[in-house]
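One structure is given below, represented as structure tokens, and several questions about it will come after.
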Amino acid sequence: MTRAISGEELAAGLEQRIPGSIIGTSKESILVNNQSLLSLAAHLKTEPGLEFDFLSSITAVDYYDYFEVIYQLTSLEHNHSIVLKVRCHDRENPAIPSLVGLWRGAELQEQEIFDLMGIRFEGHPNMKRIVLWEGFQGHPQRRDFLSW
Amino acid sequence: MKLDYYGLGIAKGLMVTLKHLFRRPVTVQYPEQTLNTSRRIRGNELVWNEEKCTGCSTCAKACHIGAISIVTAPNPEGDKYPVEKYEIDTGYCIMCGMCVEVCPFEALYMGAGYEKAQYRRGDLVQSKEVMKYTSEKYVSGYFYPEFAAQLPLQTLLLEKITEEE
Amino acid sequence: MVMKTEPLVLNIGPAHPSTHGVFRMRATLDGEVIIDVEPIFGYLHRGIEKLAEERTYQQFIPLTDRLDYVSAMGNNMAYCMAVEKLAAIPVPERAEYIRVIMAELQRIASHLIAVGSFLNDCGAFMTPILYMVREREKIVDLFEMVSGQRLTYNYMRFGGLSQDVPDEFLPALRKFIDQMPRYLDEYDQLLKENEILLARTKGVGILSKETAINCSMTGPMLRGSGVPWDLRKADPYSVYSRFEFDIPCGARGDSYDRYRVRVEEMRQSVRIIRQAMEQLPVGPVRSKTPVMLIRPPAGEVYSHVESPKGELGFYLVSDGSIAPYRCHIRGPSFINLTALREMIVGWKVADAIVIFGSIDIVMGEVDR
Amino acid sequence: MVTFDLVFPAWQFKGLPPDWPGGFWWHFIVFSIIILAFVLTLVIMFIWFERRTLGRMQARMGPNRVGPFGLLQAMADAIKVMLKEDIVPNGADKLVHLLAPLVAFVPVLMVFAVMPFQDGAALVNLNIGVLYVMAVSSISTLGIFMAGWGSNNKYTLISAMRDVASVVSYEIPVVLSLAGIVLLAGSLSLNDIVRSQAQSVPFVLLQPLGFIVFFLGGMAEINRSPFDLLEADSEIVAGFHTEYSGMKFALFYLAEYAEALVLSTLVATFFLGGWGGPLLPPWLWLIVKSWAVFFVLVWIRATVPRVRIDQLMTFSWKFLFPLALLNLVVTAVEVVAWPEALPVLLIPVNIAVGAVLVILLSRNFKPGGSQVEA
């Protein structure tokens, strides 16, 4: 059984290593500061005992006030998982750092989020539309996009 | 030295294809031969029971395509509303069977027919006259075991090909 | 004298016999060798995630059939499990067992298509795929018996199944699982040791263990590279923890290993079905849940299953209304394409098709 | 009986008396008609036979709607194909595009000029028949290359390149494998080869290695599966005839099966005793033997996957070519050392030598391939 590490438990350890990186926790997730996402993710990937080597899924949710990007991390070695969340308050030009350098599995998913949700991932090697054509107006997965 | 890779694997494969030369083909010559479909078949038609329908439009609400259009009289007669218009556009319908499943009065059934292709899109709209339930109508047993029991058993390919070991 | 040569840009797809749908690869060739490849998709994008937001929870079940349309039962199951987790809906024991039987049958059906079209891509003229489609037909017959349709089953509901299986189902299923291993042996005899197939697939398109994990590969792709990661064992859902089965693994991560992993998985699936049939309890197949509308409490949930292609995950966000606020689908076919470039570059055109076939994608799931 | 001879010449026809007025021309016309009829009927029958057999091997039925057992399916296809629009792609080299099917088809027909249907019954009994066959049959490649080049399409170009590469490589082992036959028969004439087989045993027993090399090499030359790289439908769509439709496509299709017919009749002539055989009339023996060879072609097509272009080359140069050379050496030694040896002694020796050589040379086989550093 994959053990879901509780957010609070993990946050306590992380706060000491990278101060100020965590701005909120819940039972199964940690909410991470935008700026320290990269360093924290690198830490999660390499730290012995954690070693989240597998990025299951990336999602973005539009809450009107902010976008939330959700990373599902799993460790194949220790068989445990954690949910990482990042918020992005800028609606006009949202951007967060890309994790392609750490997990290449993020490549297509970040591209898809950019296409459908309009969040720009900084540092992504190929940040362009993936399922819709170039020149499509708007980002259809946003809640305020009118489908018809 | 391992004696390998001189064509034995290919020879084994050739034996399999040769064996199939003497087996019966599984093809069904469709217009001449037909198989019994499943007793729960969701064919591309629906059957509507006028006596039981109360005009509650639960089916229309359950349809996620919006293929069902229903218009009832404004005033109830007894405990039901007379249905003035009841149409299903089978061009939009994906035969998911949700309308049949949710009908609280057991008034809508899937049809067992599957040869309802039409030349024009307009002809795909099934009106209540077309859909009306009669006892002769070939009704599928989807969610209605009592209808299912009347239908012939499904022909299974599993039982059709019997290859002895 | 230096000969001046130009690379040739070749569009493979979107309408090409072996791109398994409307996938397009823009390959740059140097002679026969591929020096660059760029996957282009989106030709089948229907915006299913957006459609989910505009439908109630129940109304979305038929649409999940259309994700990975060769394994619709698995998608049904994944989505229903996600909603059950979100709304804490109990599932009766019998329903769980029948779900497992259906999911494993569907895994066999999907792998049959995958292996058949992979061998067809290798150039075996239609024979393997026709044999395998014949076996799949038997499975599809069984699905038709329980659900009434042959491709888009729409069979599972929140809290169980739409209907119990008919009486004639179990004898037919027993007959099928008795036959199946024999046919699998026959397919192995047909091509497993074929020298040409070995020459075409062994060592071709090697995906290393590290790359596979880093690229979030799942399913037979990951297992073919030698990582024994199967959600049925690693994170047992439903009643999988009660069955005994092995996780077949490849050694080198080449196309041949992936082909073998799929064939072995079919044998394991037959094993699981046999055990599930023996343990199948009697009882209801659907717990008391509303037929029309459910209102799960606000919250979010990520639930994943091992679909034939890999980890199929549903990320649902509820705001307490009748429709999901956000429904994200982690399609395994989509993410398995991440390492496409790495695997194909440096191989010849013919190998590119074989490697691509061994990834086994379904465009309905890639584009969603 | 003159009329009967003219109508059914292959029964008894040995060539008209030399004093017949215009004797050569009559001979020419009659045999041209025979060859055309033979090729076209058999090709149509072969198409039907292949589709039916493939169907049954793949657990389906094959064509069975037009005529009894679907026998008229090829006719129906021909009518359909003739009624289709002839599409010339934009930017194609029109003349080359038009000529390509003809250049591909005509040489195949020309091969039959030296094919003996009976003792001495051939259009010409060339004393360099083997050379003629080899020379003429490889001209079709030109047609295929013209099609590939003239279509202005990348897939056809790749296909054409593959074809030229494969034919250039396979011509050598195929010709070398025939050298053994020529040594045994002591003649390059096809009729003499058949006659010498009729006197001893079919050469497949004396030349098992030559048979294997010729058969496999011939399959590669006529692009039958598993060497059908140039119309590899899963890779390059339809290969060189991607851009062809209508009658031009039909010619390519016809040429493909006519080539298969050529291979089957050549194998039958060189290795299986040609027209020689008891009871049945000789021309029927030729057809029966060709049919048997063609069945093996179909059977192989139903079973095996396709090889890759570099494996195709490797197979020719590292397997077939040394085998053909060794076969030639062994045969030459046998012919020189024991010119009077009985076939009974030579048969087991040759089969044993062949088996050992095949197994030894199969050590070269390596599964997989190499990734080219990009």
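Chains: A, B, C and D, in written order; residue numbering restarts at 1 for each.
Convention: a contact is a pair of C-beta atoms (placed from the backbone, for glycine too) under 8 Å apart; a residue touches a chain by one contact, two chains touch by 3 or more.
This structure is a prediction, so every number in the text was calculated from the model and none was measured.
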(request) Return the chains common to the contact lists of chain A and chain D. (result) C
(message) So using the touch definition from the top, which pair is joined by more C-beta contacts, A-C or B-C?
(response) B-C
(request) Please indicate the chain closest to the centre of the assembly, with centres calculated from CA atoms only. (result) C
(message) Between chain C and chain D, what distance separates the C-alpha centroids? Give it in angstrom.
(response) 44
(request) Calculate how many whole Å lie between the centre of chain B and the centre of chain C, each centre taken as the average of the chain's C-alpha atoms. (result) 25
(message) Two-or-more-chain contact residues of chain D, please, as numbers and ranges.
(response) 57-60, 302-304, 365, 367
(request) Hunt down the residues of chain B that sit against at least two other chains at once, touch-wise. (result) 5, 7, 10, 13, 16-17, 20, 26
(request) Could you tell me which residues belong to chain A and also touch two or more other chains? (result) none
(request) Determine which chains touch and list them pairwise. (result) A-C, B-C, B-D, C-D
(request) Using the touch definition up top, name the residues of chain C that touch chain A in the complex. (result) 41-42, 45, 47, 49-50, 53-54, 211, 213-217, 227, 229, 234-236, 300, 302, 304, 311, 313, 315, 317, 325-326, 328, 330, 334-335, 337-339, 367-368
(request) Could you pull out which chain A residues touch chain C in their complex? (result) 1-2, 53-57, 59, 61-62, 70, 72, 76, 79, 83, 103-109, 112, 116, 129-133, 140-141, 143, 145, 147
(request) Provide the residue numbers of chain D that touch chain B in the complex, in ascending order. (result) 53, 55-61, 299-300, 302-304, 358-359, 362-363, 365, 367
(message) Could you list, by residue number, the parts of chain C that touch chain D in their complex?
(response) 8, 10, 16-18, 29, 32-36, 119-127, 130-131, 134, 190-191, 194-204, 206, 254, 345-351, 353
(request) Give every residue of chain D touching chain C within the complex, in rising order. (result) 54, 57-60, 154-155, 158, 225-226, 228-229, 232-237, 301-311, 365-369, 371-374
